[in-house]
Amino acid sequence: MIEVRDLQVRYGTRVVARVPELDVGAGECVAIVGESGSGKSTTLLSLLGLTEGADVSGHVSVCGVEVLQASPQQLRRIRGARVALVLQSPQAALSPTTRLGTLMRRALELHGITGPRGGGPETGGPETGGSAGSRKERSWKGRASKGGLERVMVEAVEAVMLDPEILRRYPHEISGGQAQRFAIALAIALGAEVILADEPTSALDVTVQAEVVGVLHGLREERGLALLIVSHDLALVSTIADRVLVMKDGEVVESGPAADVLTRPSHPYTRELLEALP
Amino acid sequence: GGQVRGADRSPQPSSTGETAATQTQPATATANDDTFVYAPNLDVVTDWDPATSYSNENIAMSNIYEGLTRYNSATRKPEPRLATEWTSAAEGKEWTFKLRQGVKFHTGAALDAEAAKKAIERTIKENSGAAYIWGAVDTIEAPDASTLKFTLKYATPLDVVAASGYAAYIYDTEAVDQVKDGKADAGTGPYTIDSWQKGKETELTLKAYEDYWGGWKPEQYKKVAFRVTPEITTAWQLLKQGEVNFVQRLNPQLFEQASDTEGVQVSRTPSFQNLLVLFNTAGGATKDVRVRQALQLAIDYDGLLAALKGAGVKASGLVPEGLVGHTANLEAEQDLAKAQELLASAGYGGDNEELKLTLTYAQGDEDQKLLVTLLTAALQKLNVTLQAKPMAWNAQWDQGKAKGQDIFVMYWYPDYPDAYSWFFNVFRSNDKPELNLSYLKNAEIDAAIDELPKLTATDLFAAETSYDELQKKILQEQAAVAVPYVQTYQRALSADVQGYVDNPAYPNVVFFHDLKRAS
Amino acid sequence: MTPPGTPPGTPPGTPPEASLSEAGPSEAPLRRTLPKITDRFAATGAVLIVVVAAAALLAPWLAPYPEDAVDPVNALLAPGAEHWFGTDQAGRDVLTRVLYGGRTSLFIAVSVLAVSAAVGVTLGLVAGYAGGWVRDVIMRVTDVFLAFPALLLSLMLAMVLQPSVTTVIVAIAVTWWPWYARLSASVAASVATRPYVDAARCLGVPAPVIIVRHVLPNSITPVLVQISLDAGGVILTAAALSYLGLGAQEPTAEWGLMVDQGQTLFTTNWWVVTFPGLAILVTAFAFNVLGEGLRNALDPRRVVR
Amino acid sequence: MLRYLIRRLGQALLVVAGVVMLTFVVMRLVPGDPAVAFAGPKATPEQLAAARERFGLDDPLWVQLWNYVRDLVTGDWGTSLHTRQPVRDDLLLAFPASLELVGAALLLAIVAGIPVGVLAARYKTKFPDFGVRVASMLAVSVPVFWLALALQTVFASNLGWFPVAGEYDSSLDTTSPLTLWTNITVVDALITGNWPILTSTLRHLVLPTLVVAAYPTGVIAQMTRAMLIEEAGQDHARLERALGFGETSILTRFALRPALGPVLSLIALVFAYSIVNGFLVEAVFNWPGLGRYAASAISSLDTPAIAGVTLLVALVYVLANLVVDLLQGLIDPRVRPQ
Amino acid sequence: MTSLRAERVTLGYGRTAVVHDVTLDLTEGGVGLIGESGSGKTTLARAFLGLLTPMSGNIWYGTQDLKKVDMRKFRGDVQPVFQAEALDPRMRVGSSVAEALPRADRHRVPDLLEQVGLTPDLATRRPHQLSGGQRQRVVIARALAVRPRLLILDEPTSALDVTVQAKILDLLAGLDTERLLITHNLAIVARLCRTSHVLFAGRVVESGGTADLLARPAHPYTLALREAVPKLGGEPPAARGRAEARPAGTGCPFRLRCPLAVPECERAPALREVAGRRVACHRAEDVLNA
């Protein structure tokens, strides 16, 4: 689904990320770990052509689209619909005057999603938890019965353990972790084939994190979701990733199967990382 | 709740049947065959009471109401109107008017001496607007139905007074209380109110009064509409488009354009309104007559007229052409050398200390501003700095009454066609300044002014002589005032209008009954 | 597609999205300090400002005739060899007066805009930042000034004061600032809730400093837009006040006044009003472009390291 | 929300009261005796005294203020010195005409200005942006009467596409008289189904509307453009791009709403401003509106009329600002009143 | 000693309370605040900073009510590190740091940046030109610049890789500063905080000495936290589809997710002393013994 060769991203004359090779197939999960500022986010963004003001070169193919040569229309077609991106600071990434529900609905409508598709996420099964519902929640669910769209939305937020009531809120009215979960819910709702997630669970407590990661993991197995994830949590990475890239100073210093890299690190930086684990 | 606009003047069946076909024609603000559209630049009516009316509405009222006489500026004499003949006796202190027979008010009542007496008496009693013109009247009698006899306190040319554009209307006093809302009137004139919509573009429409004593001919205008058009350019466009028939005022440039536009005729007539530059004779540097004379000489009369491009004519003396009292050969000329001499002798100009003078004039008046521009430039050369300030009239007047300026610029025009008002109002001394804003105080002049009405009433030749002498005194000896120019009216009409005569005694008034449509 | 093994630094094909933002940054030291004038528009504006200001300053040397030379016999001459811009009602050379007129007009425009922006933006920011009753009080006072007609106030000033340029500046500024206050207050109220403002407050940065350093730059855009459009309006308003006897008076040359006086001549003697009108347009245009340049300079994403 | 509304209405009343006071004070400070204006240029001293008596000008100031406020509250806004009609009646005639013109113009300005601003922001620094900026600049800075006369000369006089001046063809007053409800011709014609007058009025409206709309369209376009560019540069635009939204829909669906805040303020300001400041347009197109009334009141120092206009405009401003304040809370949730 | 103490505070936005009746003491040795996402940790931090006024209850600064404290002095004493990077987008980050310093001390900016592992040449950049972790470190550097006596840290290191994280934790540990630390990383709390409080749905459900609390949780939520920490080479977590397991509106908020829930849990448990700590659970003893 993702094929990267000799990717190089520069801001001005400074090369901030260089990735000689990166492949993620359907159902695979690849993780990028590494130093802060080493170009992880940049790499992720460049896969969707979102690095504004940067010079990007190399060969990037995502879902069959040559990203670097693609027209804006081609890019728009894969963005969101086939490749979903979870940004690093989710709260700042939400339009402050748009309710979360509105944002989600617009995104779904944009890609022609009007109801749950076959083989959609089974998680958070429909209408199972009305017992603790507040009035507002019910109104969202009430609409869900009317439109399939609302059902998709409610299911997606419930999958990440959010109260559907959150859809009525504005971004400044939710907590950091809630914003992060909403961003993941957005990716899930869009039913993307590829999810690029930039530190998606850094603001979640471990119980919620386990749930969210579990959902993503489940999607891999059910739908063949390809997952490219950036994380600082090596333990978490070790539990879900098939392969790992370790970055430092804009370079990939080590890559390989997760088990190998995280148990028998060959590069000193990787070793340093593992040693620093608290 | 809704009220119907326009419904109250839906066509009325003609009572005479004579012009039934044209009567059903709707009143419109667009010029058509029998509607004459006048484009005034201000709201037309502010006061419907013929006794107190003292404003712009005279352009309509003069066609609804009539006085005893009407002034003819060509002959300089009043002519019969509701009075057919008149005589004076007792050295101008008794006047007897014979009234026209068969005249009916629009209310249906007949006009007789008693009705006329009541009208004038009511006007005097209201004492508002121009009612002061009847100030000389002591008693009015109506010895018979057609005779009206006035006894005066002092001699005055009452036939001229009766020709006044304001406060001289004869109206039906029985009905006059109902005229306030502009739905009806109480006049005898050729036209009567059709509709009045305050604040609307087509503010007022008049229709023919079928029983008018002057009668009606088919080619006369049976309807008149007043379409308020503040912008002269717009008025001109409307005239060109044939939407209006008469534009009361054009600037020289548009006038020139109108002169060679097909379908448009123009009319240019000197008015009875002239510009007065009044010098403060009571205080400041202008107290010195030499300074005042220098200022008179500093005005570029010919330059100003050139720049006015026809909006004014050169003044000769204080009294405009067309009025008793006008004097030829009193034109002024600019003479900077002489002005410099005079200033020098007064201790100003040249290398002396700079002389600063303040001047007030009417805000928004382009012609006065032109005068100020030229005068400032000329005085600059004489080391005199003019501080000119445009002001609204009542502020300017307030300041004038407090003697707050060196030079006061204003227009003057008579309420009734008599030169007396320039002298009595503007140059007769007064302890508390009113309109004598040059603050002239000269017993000799005062005495001569007080003689004027009597002379006019009794001995026109003596009156002319007295006027001549007075003007020389005021203008040359006292140098209390300079008269840069007399305004001219530059009007335009659609070419198919015949018989238009501009009568400066009735500024901006069109006597619609006198007009004819070219067939 | 770049073949594998291309040495780093080879000019890459710019990705489509990159074209949305500015062209690649440059490390040239000069550019680092100056905001980049990528907009040719902005450059034009800067040049215009210089030209207009220079023309006004150098009027005595540039003008073909003395400032106060009247020649009524040659009034309203059409543009020609003698008078490039024609003559006005008093026969004065329009070109001369346009050149001299710039002095008063520019001075009035700049002063009014500066004074009202200073007052209006300050009050607006304080109101927006402080919120609560402070905001209520400031905004209601602003409302009173807004609702109170400019002309009425000018009328009063005109009556009690001698005509002068200072009074006209005061009179206009008094009624001009509320616009800026309202515009900036609405944005400032929103900016005041941003996390970085909270952060600054926690650092103990005094409120005035927060307002100047954080709230001002982040809420200045609408005011800047408005100011950049207002120059022409100020000049024309000044003329309306001259009519009431407040500002520059005959025979002082002033663009707004010239336009105003030529009003009735527009269809017949176009040059009397058109040239000063064009001068106002050019000035307004220059201000607008300058405002845009300033906005760009303040845009963090346009400034390259 | 309700409590906020009540508080805000209370404040609005205070503002109006403030304006009334200020107006009163200024009117008394302005030299130029209103009695003179009323009695006419050649009034006799007796006539002046009568006028002074009639307007209570010889009462102590506080009595005058008290009477003034009492009269206002009871609906007596005084008598115009110039038209000699009750000021309130005059205003009721002139205001709807202005409202019609300014309303139409603002509608046009919003409908045209915002899309044009979006267009410019979308193609920032490209040709459409350039065009929009130049055009809006011209629209804002061109002297109003200039535009008015130019349009009148070209489209009415020379091409004859539109009428030269007027509110509607007044011959229709007889053929299809209009029933008045609101005094706003378009509205009345619409609700009573008076098509001849409606079409005539619309035709007459075109040119003056264009002229009045020039300034607000220009400002709204520029303001929209600048705020959109600013908003589209925020962090959240990146997520919207990542979700597959095109640049245009990012501008219109996400950036426009926060950008609208200042635009709204502006609309309120321009609205109230245009109501009285349109006198040149009203003069050129024979539109019997409030601007002309105010201008003539000012030039003749018609004190009661000036005070009446002031009060009316104050009400309009206060109302417009109130509406905008409420809308602003809806637009930007971060500044909602708590 | 500067101390901040919340006494029975209820906090909320608009009219909805999100933190209920919490009493919390910022004592010496560092206080940790852990809890579910959205449970009100940040809200509590904002209240301690005086950015949010309690709906009821008081916050005491020493012996004074925070509402009446001289804010100028308070700001010098107490500094936050926010979760959302609070940097002015229009300001160079160097200036942002410098803002915290008196004029004479501006030269410390490069030092401060180095302290948090940033190269000083980053100072001339604007926030959007930095990576997430770099911005987070700028924020920390800025807070340290004030040399506060109390730091309120809201997930200060969650965006940092473990090596940098370790460096910053060392730095914090070495500072002579009191701290309230909000984090999801139990290992960090263990290292930096002597006492800890566990928050769930706006209520303190357990508090006590950190080591003890993590070693032998007395509340089922604390226990769940400990269990859910991923282990190197562990199994991938499975989603349990617990969408319904949001905090309960009545009774014990955790009961819907609690494996040990009994009918008694429909009654809200009060905080009580159990084995040297305070727990709000009817079955604390059973949890301890599990």
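By letter and in written order, the chains are A, B, C, D and E; residue numbering begins at 1 in each of them.
Heads up, the rule we're going with is that a contact is a pair of C-beta atoms (placed from the backbone, for glycine too) under 8 Å apart; a residue touches a chain by one contact, two chains touch by 3 or more.
Because the structure is a prediction, the values reported are computed rather than measured.
Comparing mean CA positions across the assembly, the chain most remote from chain A is B. The central chain here, found by comparing per-chain C-alpha centres with the mean of all protein C-alpha atoms, is D. Chain B and chain D have CA centres that are 37 Å apart.
In terms of their C-alpha centroids, the spacing between chain A and chain C amounts to 47 Å. Centre-to-centre separation between chain B and chain E, using Cα means, comes to 90 Å. Contact with two or more other chains is made by residues 30-32, 149, 153, 235, 241, 247, 258, 301, 332, 334 of chain D. Multi-chain contact residues of chain B, defined as those touching 2 or more other chains: 233, 363-364, 395.
Residues of chain A in contact with two or more other chains: 11, 50, 52, 72, 89, 92, 172-173.
Listed in rising order, the residues of chain C touching chain E in the complex are 194-196, 198-205, 213-214, 217-218, 298, 300-301, 303, 305. Here chain E touches chain A in the complex through residues 13, 34-38, 42, 83-85, 117, 129-134, 136-137, 155, 158-166, 169, 184-188, 191, 221, 224-225, 228-249, 256, going by the rule given at the top. Residues of chain D touching chain C in their complex: 11-12, 14-16, 18-19, 22-23, 26, 29-32, 125, 130, 133-134, 136-138, 140-143, 145-146, 149, 153, 218-219, 222-223, 226-227, 229-230, 233, 241, 247, 258, 261-262, 264-266, 269, 272, 276, 294, 298, 301, 306, 309-310, 313-314, 317-318, 321, 328, 332, 334-335. For chain A in complex with chain D, the touching residues are 45, 48, 50, 52, 72, 76-81, 84-85, 87, 89-90, 92-98, 106-107, 110-111, 170, 172-173, 183, 186, 190.
The part of chain C that touches chain D in the complex is made up of residues 17, 20, 38-39, 41, 136, 140, 143-144, 146-149, 151-153, 155-156, 159-160, 179, 182-183, 186-187, 189-190, 193, 221-222, 224-226, 228-229, 231-233, 236, 244, 259, 263, 266-267, 273, 277, 280-281, 284-285, 288, 292, 295, 299-301.
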